[in-house]
Each structure stands twice: as C-alpha cells, then as structure tokens.
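This report refers to the structure that appears directly beneath it.
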Amino acid sequence: MVGLSAGEKHFIQGGIAQDLRTDGRKRLDFRPISVETGIIPQASGSARVRIGATDVIASVKAELGKPNASQPDKGKVSVHIDCSATAEPAFEGRGGEELSAELSVSLQRCLLGGKSGSGAGINLSSLIIVEGKVCWDLYIDGLVVSSDGNLLDALGAAIKSALSNTGIPKVQVAVGASGDEQPEVDVSDEEFLQFDTSSVPIIVTLTKIGRHYIVDATADEESLMSSAVSISINRRGQICGLTKRGGAGLDPSVILDMISVAKHVSEQLMSKLDSEIAAAEAMEEDS
Amino acid sequence: MEVDRADGRTANQLRPLACSRNVLNRAHGSASWSQGDTKVLAAVYGPKAGTKKNENPEKACIEVIWRTKSGQNGKAEKEYEMILKRTLQSICVLTVYPNTTTSIIIQVVHDDGALLPCAVNAACAALTDAGIPLKHLAVAICCCVADGGYVMLDPTMLEEQNMKAFAYLVFPNATMCVLSDAATLVDGEPKEHGVITSVTHGAMAVDEYLLCLERGRAATAKLSDFLRRSLQSQVPSGQLESA
Amino acid sequence: MAGKTPTTYSPSPRLKSKPAKNDAYDSVRPDGRGFAQCRPAFMRTGAVNSASGSAYAEFGNTKVIVSVFGPRESKKAMMYSDLGRLNCNVSYTTFASPSRAQGSDHKEFSTMLHKALEGAIILETFPKTTVDVFALILESGGGDLPVVISCASLALADAGIMMYDLVVSASLSCLGPNLVIDPINEEESREDGNLMISCMPSRNEVTQLIITGEWSTPKINEAMRLCLDACTKLSTITRTCLKDAASSTQD
Amino acid sequence: MGLPDAAGDLSSEMEVDAFRRLFPLRFHERHLAESIRPDGRPVGGARDTSLALGAVGSSDGSALAKIGSTTMLAAVKMEVMTPLSESPEEGCIAIEFHMPPICSPLVRPGRPADAAPVVAKQLNDTIVSSGMINLKELSLVSGKAAWMAYLDIYCLDADGALFDAALLSAVAALSHLRIPQVSLNDDGRVVVVSEEGEEKIDREPVNKEKRKLNLTNIPFSLTCVLHKGYILADPTAEEESIMGTLVTVALDSSDQLVSLYKPGGPVLAHTSVLKDCVELTKKRTVELQKILAEAISDMDLE
C-alpha cells in the first residue's frame, strides 16, 4: 500500500472539507466508468468494469444442479471473489483471502436479500426447472485485476452487467421421468432466454473522512477512512442491503442521512450504468 | 488350568526376540526390534537446537513421530505418540542438553500384537545407540488376561483381540550394581519393580491386574539381560536369537 | 466402529416451513412474546476461570460462552505494531442446531464480531500484544450473533480490557408488515429482511450495522429506533451484572 | 525484599503469590508437609463435584459436569444409519472429545489441542471396554435401520483431571438420553412420530417400549498425582503441570478394573502405591454414583 506522509494526509482531508478532492472531483462525484460485456466466451455471461484505475472482471456460469432440500423451489446462487496478486503485492499467496471472503459475503448479502427471498436481486424461483429435482446453479465469480479503492461498487456494477449479458439456455424436460430419479433434461444451445436484471441492485459505498463522507474513494482516500457504509439500492429505490465497515462508531442520524444521499447518488449511477451496458451490448452485437 | 496357545507357547514364554542396532546410516542412532512377527524400526535424530512451542527451554525436549505401516495417523497413533513421549521423558536425563529437541521416529514394519511394548523396546535400543544420556533403560511387556483370570505374556494379534483384556506394562530394566541389595530397595521393593507406564484395555478384576504385574516383572528380568547382551555385543548389528 | 463412519441422517421431520405469505400475521409470536418484547436475558461473568476474563449469556434458548485471553504476545508472524490487535473466533458445537451439518456460517461471524468490537476497544493501551476473544455457541436458538457480541463485550470488561463503552447488540426481523425484535430460529427462517445493529449505548454510537432484505427508508428509521432502545435496556442488564460481579468479589 | 540470605526462609519476605509463581514446586511441597493442598483440600480429597442433566435443549440427552472448576458439557444426538453388514443387529456410538479455544490459554483456534485426541481415545476405550452400552439396544429394524449415537463432549474449562470430568459427563448424558419414538414412513425412511399430532395413525411406532438405554456397570474414574511418596487425588492443572506423574484408575460399579492408565512420569509406581490409588478410586466411585443417582432422581421429578 502506498504510504502517505502526514502532510499528504492533511492535504487530502483539507481538500475534502472544501468539497474539492485531489483529482478535482466533488465529494459526491464518481470517476469515469467504462463497461465491456461478453469478454469471456465460455461463460454464460461476463463483463469488465473500470472505475478510474480500479479494474474488475465478473463472470456468471449457469450449470444444472439439484436444489437443496430445505428450499426445493429455489435455484442456488454462489458468489466467489478472488483478489489476484496483480492488484496489490499484499494479495500475494493468502494475503488477499480475508478481503476476498469479506467482499464475497457482502455481495452475497446484497444479491440474495432476506431468507424468504424478498429483496433478492435475482429471482431464485425463476431458476427452477423441475421442482425439488433439477434447477439452475449460478456460479458468480469476480476477479480484482487492479485495485485503486472502491472495490465493492466496481464488483457490484460488474456483476450487474455480467448478469444482463447472461443467456440461460432453453431446457426441455423428458416427459415420463417418474419417481425420484433425475429426470432426463436436454439443453438446447441455440435459443437463450435473457436474464431479467431489473431488480439487481447497485452498491454505493460512502466513506467517512474527518467530518464529511465521500463517494467512490480512491485507495489513498480509503487509507484515511474512519468508517465506511456500503448501501445497495435497486431500481425502485428500496434498500436491499447495508453493511457498515471500518472501526470508528457512527451516530445513527449520520447513517440515516448517508442513506438518503446514497439513494440520490444511486439514481445517477443507475442511469449511467444502464447507458454504458446498452452501449457495450450494441458494440458487442456489431463486432 | 493350562490353556494351550495357538503357537504352542507356554503362558510365560515370549516370542523369539531379535534386536539389531545401527541399521540406518543417516540417523544418529537406530535400532530394529522384533518380537515374533511384530517388528518396529526406531531412528533417533540427536539433540537438535531449539525446543518446540510451549516446551520448557531449561530441559531437553523429546519429540516422537509415529509412522504407521499404511494409512493415516488416527487417534490410536496419537495416543501411542503421547505415551511413548512421556515414557521416554521419564527415563532420559533431560537436564544434560537443555533447550534441545531429540526426535525419535518409530516406523512400524509389521504389527502382530503387542505393538506399543515393541516400540518402547526399539526406542530404548535406538537411544542407547545414539548415546543419549539415560537414567536407566525401559523394558516393556504386554500381558493379556484370559476369561478364566489366566495371564499370558506377549500375545499375538489374534490372542490380543479375543482375550478378555490386556495390559501394556513398562518397567525399568534390572540394574546390576555393586551396592548391597538393601541400598537399592525403594520402600521395601527393588527399584525395577516400579511401573513406568501402564495402559490397559478391557475390564479385569483388580487382583488379575496385580497378577499381570507379577508376571510382567518376572518377564522383564529375561528381557533386560537380552537387551544388555544385545547392547554389549561388539558387533552392533548381530542378530541374536533369544533364549 | 472401524473405518469410515456410515452416513447418517436425522430422523426429525424437515422443519415444515409454514405457508410463507400467511397474510393474517397473528399478533402473538410462536413463543408468546409481543413484537417489541425481547427474550429473557441472563448474563454472568467468570464462567471459565482459566481465562483472564469470561462471560456466559443465555437469551431464551440461545446459550453462548465467551472467554478472553488478556493481552499476550502475538503470533511470531505478526509485524511490530504500536496498536494492540484483536483476534476473534466464533465456533458452534455440533449439537448447537437441530441438524448437525449446520453452522457453516461461523467463519463470517468471526469477522463480524471483530468489526463490532474494534471500534470500542482502546487499542493503544496494549501495544505489540494481541487480545484473543473466543466464543462458543452451545445452543443456537436464533439471533446468535447479537448475543455473542454482547457477551464478548461483557467478557472483555471482566478481563479488564480498556474500552470506550460496553458494546451491546440487537437484531430485528421484518415479517411482512411487522417488525419483530430479537427473532428466534423459526422467525429467522422465514423473515423478509433482517437488521442487526451493535452500538455503544452511552456514547450513542453505532459500531456495526448489517441490513439484508428489502427495506424502505422510513421502515429502516423505525427499525433502528426499536433496536437502539432494546440496546439501552440490554446495556442496563449488562451493567448490573458487572456491578454484582464486582461487589460479590469484594465481600 | 531483603536479599535471600538462606535459601530456607526466602519465602518469609516475598508475598505468597510471588513465591508461588517463582518456586511452584517448593510452594506445593511446603503445603504437602502439613498434608494439605493450596486450595485447602486434604491430600486424598477430591474437589466438589456437581452434575446438571438436560443442559442442552437441542439434543436427545445432555449433561454438564463440574469437578472443581473443570467443566465438561456432553450431549448425545441420535441419528439413523444402516447397520454394518457384519453386525446387522447392532447400532453404533461415535465418541468425540473437543477442546475449543475457550477452555484454556494453550489452545489456539484452528489447531486442535494435542491432549484432545488422546483423551478421546481413552474415553472410547473405557466406555467400550466397560461394556456399559449393549449395542443391540440401539438396533431399530435389524439389517435395515439402527441408531448411531453421536456423543460429543466439550471441555468448557480445563483445570486438571480432564478425563474424570469427561467420563462423568459422558456417562450422565447417556443416562439422561431419551430415545425419540420413530416409525417407518412409506419410502422406508425413519421419521420421528411427532408427539403432538399423529399424522398417520396406521404407522405404529417401531420402538414403543425402548425409551431409555439401560446401562450396566457404569465406569467412574479418579486421577491421582504421585509425588515423593504422596498421592494427590484429583489434581488441578497447576499440580498436574508441576508434578508430572499421573495415574488414572477407572472402576465400574462391580469394582472391575476398567482401565489403569499411567503414561510415564518421573515417579515409579510400585504395587503398594497402585493399591492405594485403587482404594481411593473405590471411595470416589461411591461418591460419584451417589451424585449421579441424585441428579437422575431430581431429573425424573421434573
């Protein structure tokens, strides 16, 4: 991690206090976002998102599986994030393991919502083929290629674009499969039905430095963070997940107006991301 | 009540003993010990610097590594390792090489009953071969108790399994010393009657256990002088068939 | 019983999940409590005397033991740091939950416990050393993490670790329109959303907040208000428990 | 603190706990000279023992045993298994001893304590060789279904004599065990007959009468420490670590010697010493049987 001298720290904090950050952005501005979809051919859906210098790749693989016994009418989704050593020397060997476990858990929490399935970004019941016997298993893998802060938002956006690029093959179930043995299922590889990602939330992380909080913090700003709140908000403005990271305590009222700010910022980010995805899809069609 | 044994031995007769020392050239000390078909190879890697975590640096530390013939180390092997470590700790002079670790590797070549006693004897022979300072040697024997309360020594695997109970006993070996007998008595009993280690399996009456102690002590006299003869012989790796 | 133990299954019937959307949410909960009523809390310090500080907590039938091993030298691999370190570990017993295989999420609990306590402990008072906080969940009756966090802060106080304030934690489930405080296993398995807050009551600071499921902002406000006053009630119980422990050692 | 002129009266100037930490062996030996121990017990006296049955709700049988401050929690969970081909009539018992990191400063999370598998093996040998459980009682439908009893023992506080407390809690948990009523449903799976409502009346329970295991000759044990001719019963962790020679004698109710376990140690155990240990264990077994009987009787009152 780049070491910051006391002078630099003071400089960054002073800047934020006057709503002017080192790279010229205001407190609530995002860095330029660029999205590419369909970059991994053998995955069902994939996307690469670059926010400033942070660069992440997400891929979605759909495979046939058996629903677990406690929820026979729902498919399964598993999120796994991997921090490659190219992003930071600290991620070498097992260094990045703790951070990637933490990222996987918060992403899983934001995507799957409550136990009864409400607020889930992905509608698990739509993944069912034969109740109790065969369903789709979605394996979502994220890879951090280069890290300059704000990993969670970048991964959230990458997963949302990868899901919108995902095609689930159409499936015929052989009739007459009685009893409890696995029914015969054939998967056609031409027609794909598009995955509906309307309710997939996006994640906005607000980092508190001194008395103010900023959006889309770079690695330097993150090293000054006293605490951070990541809020995932879906298109309808509902909050689908919230995690307060970082050590120092926060006053409840501060958290509440952080939530309102995040809702306001997420609308801009949502529209920007949708246009980027549409552009990437269009660019992918004609290439 | 004479119970004949499958291999025709009498109750107190041990299986043929064989001990050869200095069988491995890289180890500081090594010995192979076999009682009948049970054969164990022990290697000692001399006092190495440093002790393991939470071990007492003022004393030497003994580390036992048990290699089974095949497969993984289960709970039984862990227990053997702990018992062997405690037994050897009580016979080694730990204060001579403080802050060092002596590792003893036990490789089971073949197991046909009474495995732990055979390992103890092999470890003692290997320690003497490596020249580690010892207070006295340890001699181990397995006595099993038949249903009628009848005690037999050095059972094979088969006998061990279908007998009511069995006990592994470890005694210090008989010392020949110039002091008069009275001096070596410890509260009325000769020193070598003290039990270093005792592990029993299966239920038996208390006096059956005391009978095992008697028989075991009688057998250790024979074992001790076999051990002494095999150690004294100039040719360290001579195969000496027991009496 | 040699060799691989044969695979076994538990004969108890699968927890038949009640129809998820029974609209008429009965106003009384399965165990007879009101919506804003917490489970009876029993806490005691000094449960493990070979630890430098320990506590036992029983909320309804969630039973937890936490033991703290006072500032001791950290693992050799750690670099020098002039701030003390906190090392947390939460584990379940095999019989904690009805089905044996459960309890896989306790790795996640360890990091959450670490984040909840991190803000409250004055790390500068024990530089270069580590404070180990180990928790064992004896029986899991629902809402396990909040009980572990409150019990851990009590154990830290018992061990004499300098803290800004005691950390207490409460969780709340949203079942359809109702906000249900301190949920039990059954309610948690069919909740639409969950809010868990851990805070320092006298400083009115939130050290950790985790929300899952779909929430609107007004609902979050009300849920946080409910949780915070449950925390203040809980903190009075914790303080009285500490006072009794201190007074009993004097006389 | 004056210069220690003579080694003898060094202790008079230092306060007691500094002396205890610096010279633990001499501290204990001064107590033994007056044949008492630092916590006031006589040399042969055991610590006060308490037993609480039914400590864990989510298991079929459980018990919390406390000997002094050594605390053990044992719980039994019953699961159904298909019996092994060579013993179709018999169920099975799996005994597991855990030392979680909360019980002692020496245990680190992730790496199991090295004493744990040894105590687990000892427990397994003692319970199996005492023949206290007749595995045939665990059978449901011969050849098709049988009980697998998972007995898990957790050490909540390790302060010496772990084996005694573990064995006591295991035995108490097994005597508190209540086997759930089960019946075979249509596709051959064993399902608990839920007490409140009999869904299908036609399936009569398979094991109506067997509700409790009858345990014959229950084993109890006592650990003693041998030191310079003294036999200290029921040592604390400190005494165990200073005086290294431990002898654990396990007797069952008909005074059969289930196990005599002496893993090495500097002091040699002569026959007379072993006899005294067995006598102490006999007295201790009577005490423990009384405690267990009380615990079971007031548990039946509930």
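For reference, chains read A, B, C and D in written order, and residue numbers begin at 1 within each chain.
In the analysis below, contacts are C-beta pairs under 8 Å (C-beta built on N, C-alpha and C of every residue); 3 or more make two chains touch, one makes a residue touch a chain.
Labels paired with UniProt names: A = Ribosomal RNA-processing protein 42; B = Exosome complex exonuclease RRP46 homolog; D = Ribosomal RNA-processing protein 43.
Quick caveat: nothing in here was measured; it's all calculated off a predicted structure.
Visitor: Starting at chain A, find the fewest moves between touching chains needed to arrive at chain D.
Guide: The distance in steps between these two chains is 2.
Visitor: Among all the other chains, which ones are in touch with both chain A and chain C?
Guide: none
Visitor: Which one of the chains is farthest from chain D, going by Cα centres?
Guide: Most distant chain from chain D: A.
Visitor: Find the geometric centre of each of chain C and chain D from their Cα atoms only, then give the gap between the two centres in Å, rounded to an integer.
Guide: 30
Visitor: Need the CA-centroid distance for the pair chain B / chain C, whole Å please.
Guide: 52
Visitor: Averaged over CA atoms, how far is the centre of chain A from the centre of chain B? Could you give it in whole Å?
Guide: 63
Visitor: Which category does the touching pattern between chains fall into here: line, ring, star, complete, or other?
Guide: Looks like a simple chain-to-chain line, open at both ends.
Visitor: Mind giving me all the chain pairs that touch?
Guide: A-C, B-D, C-D
Visitor: Where on chain C is chain D touching in the complex?
Guide: 1, 5-13, 47-51, 54, 61, 63, 65-67, 69, 72, 89, 91, 93-98, 100, 132, 134-136, 138-141
Visitor: Where on chain D does chain B make contact in their complex?
Guide: 106, 114-115, 117-118, 120-122, 124-125, 129-131, 217, 229, 244-245, 252, 255-266, 268-272, 274-275, 278
Visitor: Under the touch definition given earlier, write down the residues of chain B that touch chain D in their complex.
Guide: Residues in contact with chain D: 54, 75-76, 78-79, 82-83, 85-90, 165, 167, 170, 172, 186-189, 191, 193-206, 208-210, 213.
Visitor: Chain C touches which residues of chain A in the complex?
Guide: Result: residues 69-70, 98, 101-102, 105, 109, 112-116, 118-119, 227, 229, 234, 237-252, 255-256, 259-260, 263 of chain A touch chain C.
Visitor: Given the complex with chain C, which residues does chain D contribute to the contact?
Guide: 55-59, 62, 69, 71, 73, 75, 77-82, 84, 92-94, 96, 98, 100-105, 109, 148, 150, 152, 154, 156-159, 180, 182, 189-192, 194, 237
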